[in-house]
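In what follows, subunit A forms one complex with subunit B and a second complex with subunit C.
Let's turn to the complex of A and B:
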């Protein structure tokens, strides 16, 4: 996924656009990540200054939520569900297969920057398990063949 | 050849190819006849395509894009015979046996058409509410016996009454759409398939309690639900159902959508408030209750999607209609979600009282793998694992509590006999460790210790002593945690240990020296 290169003035414009709303922090972080692909260290003083918070408070929020990335993801992001309904349909084995084929643990990105493998706890597709999401596209009834096809497509 | 063709746009159907089917039909010039709906919830048959005929909607499924040519050849637009033909959708036993109140329209209507919503009974509840005094609206909900469908089971009307009586301005309605429990998808289906129902329920809640601002907190794992709700809110605003002077009444109410960021604990109501305010999702101590000091310190109703979506029917049909369904102190209907390794997976809305066995064996048809059912986890990752011996348990808040379980949000995940219950217990502790907000020590530290203890049991190290330790740890978690994450993680762990002790016995003798 192509992201913009970080630029303070562009980031500040995004922050300012949301700053007037009550509880603006999460909308700001989502908007920054949508634009730049991550929440870099440089974002923290800008947000803190705008929302009149300490750097520590902003850092605390960014690091609390699993969604917010401190590093750029790979060009493709494959999310595999690790939760119980998918476990019941063989999800654990598919997770192990994906990690093995990519040589990654959960949250890792391949050295060539091509694929990030994320664990997700439930996509709400529990009746068509096991489930995955690749670059925002949902995939149900995953099996070894379908997983391999996704991996091939991503690599 | 102008029969309407209904194809779900529900995420669960899209994940198994509904968009590709729609695309294939569009390429044959049928785009103008297609209506994208929610799902009926018969997921093992998704993508399920329905065609309007004089005899009603005829269903075909599961349809793949490759089947489209043969369906055309079979003249499916005139209900022609085909190996995927299922007959009238309403006659499919899985659907016929349900009592659909919340899901009455899901999978039938165009989710973004208010005209369609109204044609199928929508907004009758709001119209009746507008004719009542505020206290009488609240009283209808109290009298209906509706309890929180998020899992806690607290009487919804009592919550509303507390907010109505609480001094403060503004007041808020917060809809909890952080449906994080594995095995649950009812909230997602409603938001994608019948979003005006939730809007109507929230609007009634706002009017009844004097709140003018509604917030829906939707988890980020549900991008389609976020988009559907935002689109529906815009339509409702444009047509006078949200905003100032709703339907020309004196009441103002509007709704905004907020998106979570991948933290399970934010489904806990006070952590959700913190998150909405832009902070870490840390659980708050109660009191003060959110009804007194909730969002931004103001009186706040926090209800689950299904609780709010149950309200329009209660107002439209009256409290007595709703209260007359169900058993014991569990009144009305519960959308039960059959998930995991089950043949007939999907959404089954039933009146309370149906047993676990009926749901798994009879309605669900046993496992998808064809192997024997060994365990069913009810109520999400914090719910207990039930063995076959307890399949006589009726779906009822109190009956599940009496057996050290919970119905939670109504999700049921079925496992066959290949499941390793020690591994499931370990996962419960691991999940708690990953998702703990960190406020309470038993949850933050105890969960990690729990993983370690279970790993030692798995390695066959001093199993008896370790089992005593895990029991003790579970007691500490249960009584020493502020919220359900730490407090209920013992349910899956202890039920696995209690009902499936053979999986915890020393099975891997230590290698001889």
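Let's turn to the complex of A and C:
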């Protein structure tokens, strides 16, 4: 999904649109990330000024949630679950395989900008562990073959 | 006294009236409902181990060290977040709890440097204490795992360091910044193992939103946030409780000492003005006391163009006495006078006016309040009967509407601003009347309901318009007015304010404030519940300063907002002891306690005790003294701790007056600007070097205690005594407490004040006498001091200082957080990091018209004079208005201000000067000439010269 290029006035319009709601910060952050693919540092003063918060407070929230990105992701995002049930079902090995094949550590993006590999802690799919998510689509009962197929598709 | 270890109750006090009784470790204890188990345990004499809890901030429950067991309940709840309940039985020390606590400590210590012996917090570290308390003997995890030991130290703040390798992420600093200071400059970045304290957007402290108040440093349980002075010197060994010498909040501090060296100043929790909070000035900016610029020897010279000659105290004092006697013999008794200092103690101020009235034999005494809050004294005395604010600071906790007029508390009275912000965050409404968009108009978690951004000089029109709305919309509290005020006067006043020309619609054209905003603000003030007015020099420093003070008093009386907690009319005093200097009889027409010198009964009591006959005619005010000096009839002046050449308006006129005198005696810490024109320099002592008292803006008399010997050898009061003795009017005091005893004997409102009482109570608010032995936090409770409240008609008379084609902009002046007044102290500290020059704030529109870019040199010119400084383009000022500070002698903003002043008190009209701003490429002629004089006149001769 192509993202918009960051632009202050466009960002401010998104922020203003959500500003009236109670607890507006998270909806604003989601909306910004949906539009631009990330929450750059430039967003922080804009959000702080609009919601009458300090820069530190906004920064604290942005950094608390792994899902808010500070850098643009690849065209495809593969999230592998590393929580207990998936670990028990061999998730760690699949994680190692994915990292090896992509040459990435957790959170990294391939040099060609094609794939981002994220760790996730529980997708609520423990019954079909190990589980993954690619570009927002859930995948259960992951094994080496299915992982390879996902990677191939993404690359 | 030994090092004061204040009890940390772990969580804030509960204000509930209902009490609860419970048992902790077998000890029965009764505490207010809502108290935490941790705090109740302290009351029972039991310390539950803790790390993330401290009683200045709300409980957080993150460190998991303060766990307890409650009989009949499952689990091990945190004692900081668990409130007490009737009849429960709590155990703080069980085998299970010991195991848990040790386990928690092991985790902490596995990621903490083991450098206790070389750590700056050694001996003052809660982590170290807790390791001891829980009996930590080993760390089974080892130290080789992933850790933060190599995290980089942030030393950007000049006063403290941030060393994340020692951080246990308890969030005490983050919470102190939010709850105590209200700046929200800190946060926790990230989560889990990655979480760390971040200033702003993971910036250095100095670049972040941090205002360097020190609350985080105080809250930190480890060496993570640590004063650089402690790192340099080591831990203090004794404390002395004293009162800050900066603004009128009058914070109480513990001077923590090692011998006679100050290690750090720590705000004192028992201080009733500050409750353990501080700002960057009081907490950190005390290094001027030992600055190399301090003058430590008396100096004399024949002509001001001569170099200074260092002399003995005897010679200097003898010279002053003989010169003053010679001048009085030649030019008459009234050719001499003096100025008392709002920076000196009550006792010192009292002695200077005593010397002048009794020793010089005239009433030519005035004080720097002349140029700041003299209209407050006059206006509040006329309307209410007392020349002082009506409330204590804590009163604001019960205000529901706060009306700030011409004051900028976050910069000028930061510790009170923090208390006010706490109240505003809790829901009180805010109205701001100010030509400038001060921070409180909108800052994190605070937003004014109304900002009436009026044109400088139109205060009175606006306050009358507010009154118009209250009267014509039937919002006045008639029952209160009938009972407490003069009803006939009220009716006259009401008829006046109700005139159509005073309506918001009519006044809008004068003030530039939309009529509906005026109406809305008036309705909120009158109907929003307890409404309190806080004001500053933006009210007083006008040609109608006194009228405006009375206008505010009218408003408070008409709405019944006076005489109880949460309401009132409150001047925010600029200097530490401006209230005290006024109380002490510093004005030419008043004895101590604001009693007119023409009152025969009062004068007789002074004459009897002092053994002299006193003049019943008021003497000269500062501007009159200077006018008389220019005319040649005023020839000698004794100036205690004031820099009129920098702080008073129309500098060139001040300089002309000083240059025309035959003996100018300056008593100060530094060669200030006035000293350039002095013949005698008497080196004074800082507040750290003497005993005495200061009286803050809430009439609170607090002790100043000597922590080190006077560096010049004489405390300021001793200098005055020596001059008086040499003049032939002997004074005998062995200690300032004896001066206070004399003040109490002569002054009904101080009758109950003594050093013994101040030592016992910590501080006391005057009136303190038989009727109120413990002092008076709130004034005018059942009736006004003057009897019936007095309504005064406040006709708006525009100032003669108007804009025109030559001077189209209005200049207004003020103060900034890190600097203080003429900057004599703060410029000699690391506070210059934040503000090393005065800047001219100008609106983008006005800047563009003049081709001025941000940071450009501009010339600021009025009909009085011109100066050059750099421009700062900002929308904080409205179009047509420019603003600057007056902290730096290189700028000399007061070269530009004019001779106009308040009709009643001569308080200068600093806040309104018509000016022009134009691009410039450097200092003005005056600045260059003055710089030359200044350098030449400061020269001190070498011993051999």
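One rule holds in what follows: the second predicted complex is superposed on the first by the 155 of 155 C-alpha atoms of A that agree within 3 Å, B and C clash if a C-alpha of one lies under 4 Å from a C-alpha of the other, contacts with A are read in each partner's own complex, and residues count from 1 in each chain.
Simple rule for what comes next: contacts are C-beta pairs under 8 Å (C-beta built on N, C-alpha and C of every residue); 3 or more make two chains touch, one makes a residue touch a chain.
Predicted, not measured: the structure shown is a model, and the values here were computed from it.
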In the superposed arrangement, which partner chain does A:44 touch: subunit B (first), subunit C (second), both, or neither?
second
For A:34, is the partner it touches subunit B (first), subunit C (second), both, or none of the two (neither)?
neither
Answer with first, second, both or neither: which of subunit B and subunit C does A:55 touch in the superposed model?
second
Touching partner for A:64 - first (subunit B), second (subunit C), both, neither:
both
Is A:93 in contact with subunit B, with subunit C, with both, or with neither (first, second, both, neither)?
neither
Per the contact definition in the header, classify A:149: touching subunit B only (first), subunit C only (second), both, or neither.
neither
Is A:22 contacted by the first partner subunit B, the second partner subunit C, both or neither?
first
Can you tell me whether subunit B or subunit C touches more residues on subunit A?
B
Per the definitions at the top, what is the overlap between the subunit A residues touching subunit B and those touching subunit C?
57, 60, 64
Can you tell me which positions in subunit A touch subunit C when the two form their complex?
41, 44, 48, 52-57, 59-60, 63-64
Subunit A partner contacts - residues on subunit C that touch it in the complex
183-191, 198-202, 208-209, 442-447
Inside the complex, what are the residues of subunit A that reach subunit B?
22-27, 29-30, 51, 57, 60-61, 64-68, 81, 83-89, 120-129, 131, 136, 138-141
Given the complex, residues on subunit B that touch subunit A span 11-12, 14-16, 41, 43-44, 46, 179-185, 188, 220-223, 258-264, 275-281, 296, 337-341, 345-347, 368, 377, 381, 411, 413-416, 419, 424, 427, 431, 434-435, 437
